[in-house]
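A short worksheet on the structure shown next.
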Amino acid sequence: MAPLLTVSDLRVGFNTEDGLLQAVDGVSFDLAPGEVLAIVGESGSGKSVTAQTLMGLTRGQNAQIEGTASYQGRNLVNVSEQEMRGLRGAEIAMIFQDPMTSLNPVYRVGAQIVEAIQAHEDVSKSEAEQRVVELLRSVGIPNPEERVRNYPHEFSGGMRQRAMIAMGLSLEPKVLIADEPTTALDVTIQAQIIRLLEQINRDRGLSVILITHDLGVVAEIADRVVVMYGGRIVEHGTLDEIFYDPQHPYTWGLLGSLTRLDQPRPKRLPQIRGLPPSLLSPPRGCHFKPRCPHAFSRCDQVPPLEARLPDAPSHLDRCWLSPDQKRALRLVEGRIGLEAPAA
Amino acid sequence: MLRFIVRRLAGMVLVLFACSVLVFVIFMVAPGGGSDAAARRIAGKNATPQLIANVRKDFGFDKSLPVQYTTMMKKVFTGSLVSYSSQLNVDDEIRKGIPATFSVIIGAAVLWLFFGIVFGYLSAVRAGGFTDRALTVIALVGISIPVFLLAAFLLYYLTFKLTWFPNGDYVPLTQDPISWAKHLILPWFALVVLYIGFYSRVLRSNMLDVMNEDYVRTARAKGLSEHQVRIKHVLRNALIPIVTIFGLDFGAVLGGGDLVIESIFNIHGVGYFAAQAISNQDLPPIMAVTLLGAFFIVFFNALVDIAYAYLDPRIRLGTDAAGAAAA
Amino acid sequence: MATEPYSEPVLQQHPGREPGDPGIPSAPEGVPIEGRSPWYMAYRRLRRNKTALAFLGLFILIVIFVIAAPLWATKVAHSGPDSTHTLQKLTIGGEKKDVVTPEGQPIAPVWFGAGGKFFLGADSRLGRDEMVRLMYGGRVSLFIGIVSGIITTVFGVILALIAAYYGGWVDSILSRIADVIWAFPVVLLGLAIGTALAISGLHLGPITIASSSVWIPILIIGGVYTPYMYRPIRGEVLALREKEFVEAAVAQGAGPGRIMFGEMLPNLWSIIIVFFTLNVANNMILESYLSFLGAGVQPPSSSWGTMASDGFNYVYSDPLLTLIPAVMILLTVLSLNVFGDGLRDALDPKAKLRLEARTGKVEPEAAVETEGV
């Protein structure tokens, strides 16, 4: 099937007082209709900036955006603001990390969703309100007839995120970008929201781009996974490829730091040492090099993102190590990890 | 909402009582010197011993402080307080002056609020532009200028030298609205200059803060036009703190700038009456004006709080979410 | 926000950037930051703020101007601030002129026409040398502004420390009193007390202050502004009380005095300095209003406010008699406000102390910030 969205060589930089900050450095991926694509990485990896750029939210005097993001024949990077506005919400909708602050505190929840509908469709207020009630019901908000008249602070965090999702669905978009939709929520609520996203994806055939740092969430819902580090994609593959045959040491580190209930608890929780690179003056070569215990001389050159396994042409990564080395190095105490935790 | 109003008004009564005690202390107790001195102060500069003795008895200065307090309050509120220097009934004079005073301060307040919002909005939208820099200068001059400088300047050049405006005085609105406005333009202008820059700056910085809020990003993400985002989401939320400042400044003008403006432009309102009493060192009018001024301000601030609650549902509904969101 | 199990660190936002940009990490990681004291950093920031420095220069010039009053009076003008010259004549460019005409019109500014005498002309009726009066009047205005600023600061800070440190009923009582005073507009309150005291002076136990003393306006102004200093500082102290170093001092058994003045006070200096500067500016404005209306400085003393007030009786014939002292007030207050603003930016670049210079009140969100911490 032809992809719905094709991002190629997207670069986003910001001019700051301290110089150019290259937040996204040559990112390419496709999104097929009806699939869930997860973009995984730490804060500062460029995953949120990538998502916001697709919505045209990073445009501004100090942003430099290059590359293309084609959606149904249009390049989202350079369509006019007018056209972008028509796409926002209607074709591509977005929900954000913190539902506590993502709704305007002074307007009723229902009115904020009505506003989204009326921004795109010429419908009467009462008609729009009727639709909002149905939407709220469909995302599992009890008593939607009353709840539409509530203010955001009368909703719990999980309810607000449901309301945000309802807003995202209100115009039946083709793509839903969920930027850390569960991060700010309690663990039990997180699971409910993920279930809801899954259900929406299944029932409505909506493509979802899920931005997260939580591999647990990814495992539950994603079809394909993009792992980002320091503004670049370091690994790209199907869910199984990433979880069972990870090629990049950073991915190993992420997987290693997952706590697993089905295995004996390690003495110390594994972690990735060091800090993410400064995007104002990133390290030369592989961005992960300073934190990688397996780095060697070749890592001073940037490894290209390419298929390195003969039998998996769609599994791409950016690491100079040979597949055999990788298979050997990624096993730490019998499971996948970056290195044994320091004693 | 109703519960909020009731609670707020009950709190107001307490503050009013405290204010009246403070006024009593300022005039009767604080200067010290005992009951003779107090009677002499009230009686005025050129009082005869006979008058002082009368005042002493009238105000109950030989009785206990609570009795003195109730006597004073009774006098103010039953309209039996007179100025011993001018023989005028204080309450009558205040009542006569209120239309002029309200014309001055309400007119000025509406103007500075309106233009403050307009200029603040423009400078936030074009941060760093010319409006922005001009407003910084105006704001600094506004908080630094003594109001009589501007008033004297306007009076001398625009009414005396150029005769563009009538030379002071007040014409009732009901008598001739156009003449009313013409007489008030300069007083309004002098007061507006004090506040307009400051209001624009506050609104501008509020708006720039709000622009970074997540819900503004949400508003953009749902496809609203930039104009809708700015008006409905940014400006609307940035206006909320302005309401509080407005409540305080409205009171400040009523009790400060207005006195100077009314005496400079010869507007016979409450402020003029008070200013005259001050220069004659005639205490009863000042006492009553201070008390009524404080009462009015407390009342007005209660109104502002109610308006605030109307604008910000988190406060109106008084849930702990408001606290959490504010923290 | 307290219930979040985990949240990614919020990226630092650059102030004044275009809306809609995603956050940008502030300082690059791993770049060593030179160890400098915060005072030195503030000094460096202030040195770069040319506008603030220019206005500090203006303020210093004004101070020199008023300090030089006796010098000008004896060496140039040969006249004291209160000496009248009603019947004198001046020779300017070979022409004889009345200092005050028989109609009562005083002489206009003659600059150096008479060797520095009557540089700014004479005042109405009495024929006093306006320049000499301006210099002496400035001394009174500045003296009142600064001394009442010290009073406000000392009382405001001490009361704030006590209220916030002890909390409970001490805090309740002090804060309620501050609330009531806050309910009054400062000028009205100052006028009320000023008039009450202008008649018979102050007699409180052993203290007796004559009604004409400049200490009466000083005490009034210092007093009415105290709550405006007390409130924000109390908020700061409340925040400090939660800090580890204070808890550490408590754990070591330090007494209240040591904690308040040894541990907390040093952390308040930067905001005290800023508040003091802006407070002196406010005080001078308040003094000018009180004096203009007759409830401030009483004769025989005179300040710029009383000079403007005296001059206003002749505003149509001699507008300069009002405008010159009023402009001096504007310049002095403006220099303090601009410098105070610069000082605040230098000491607190994140501008947490965005307070209104006019009344000293803190903007709502800043108040929430300090109180909520």
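Per-chain residue numbering starts at 1, and chain names A, B and C are given in the order in which the chains are listed.
Convention: contacts are C-beta pairs under 8 Å (C-beta built on N, C-alpha and C of every residue); 3 or more make two chains touch, one makes a residue touch a chain.
Since we're looking at a predicted model, the values are computed, not measured.
Ranked by how far their CA centres sit from the centre of subunit B, the chains are topped by A. Contact count check for A-B and B-C (C-beta pairs in contact): higher for B-C.
Spacing of subunit A relative to subunit B, judged by their CA centroids, is 53 angstrom. With centres set at the average Cα position, the gap from subunit B to subunit C is 21 Å. Counting partners per residue, subunit C has 1, 19-20 as the residues that reach two or more other chains.
Annotation for subunit B: residues 217, 220 touch two or more other chains.
Listed for subunit A are residues 57, 97-98, 100, each touching two or more other chains.
Per the touch definition, subunit A reaches subunit B in the complex via residues 55, 57, 81, 85-90, 93-94, 96-98, 100-106, 112, 115-116, 119-120, 151, 153-154, 164, 167.
Chain contact summary for the complex, subunit B toward subunit C: residues 15, 18-19, 22-23, 26-27, 30-33, 37, 40-41, 45, 127-128, 140-141, 143-149, 152-153, 155-156, 160, 194, 198, 202, 205-206, 208-209, 211-212, 216-217, 220, 234, 241, 244-245, 248-249, 251-257, 259-260, 263-264, 274-275, 277-279, 281, 283, 286-287, 289-290, 293-294, 297-298, 301, 324, 326-327. Of all residues in subunit B, those touching subunit A in their complex are 213-215, 217-226, 228, 232-233, 236-237, 240, 311-314, 317, 319, 321-322, 325.
Chain contact summary for the complex, subunit C toward subunit B: residues 1-2, 13, 15-16, 19-20, 176, 179-181, 183-189, 191-205, 281, 285, 288-289, 292-295, 305, 308-309, 312, 315-316, 319, 322-323, 326-327, 329-330, 333-334, 336-338, 341, 354, 356-359, 361, 363-365, 368, 372.
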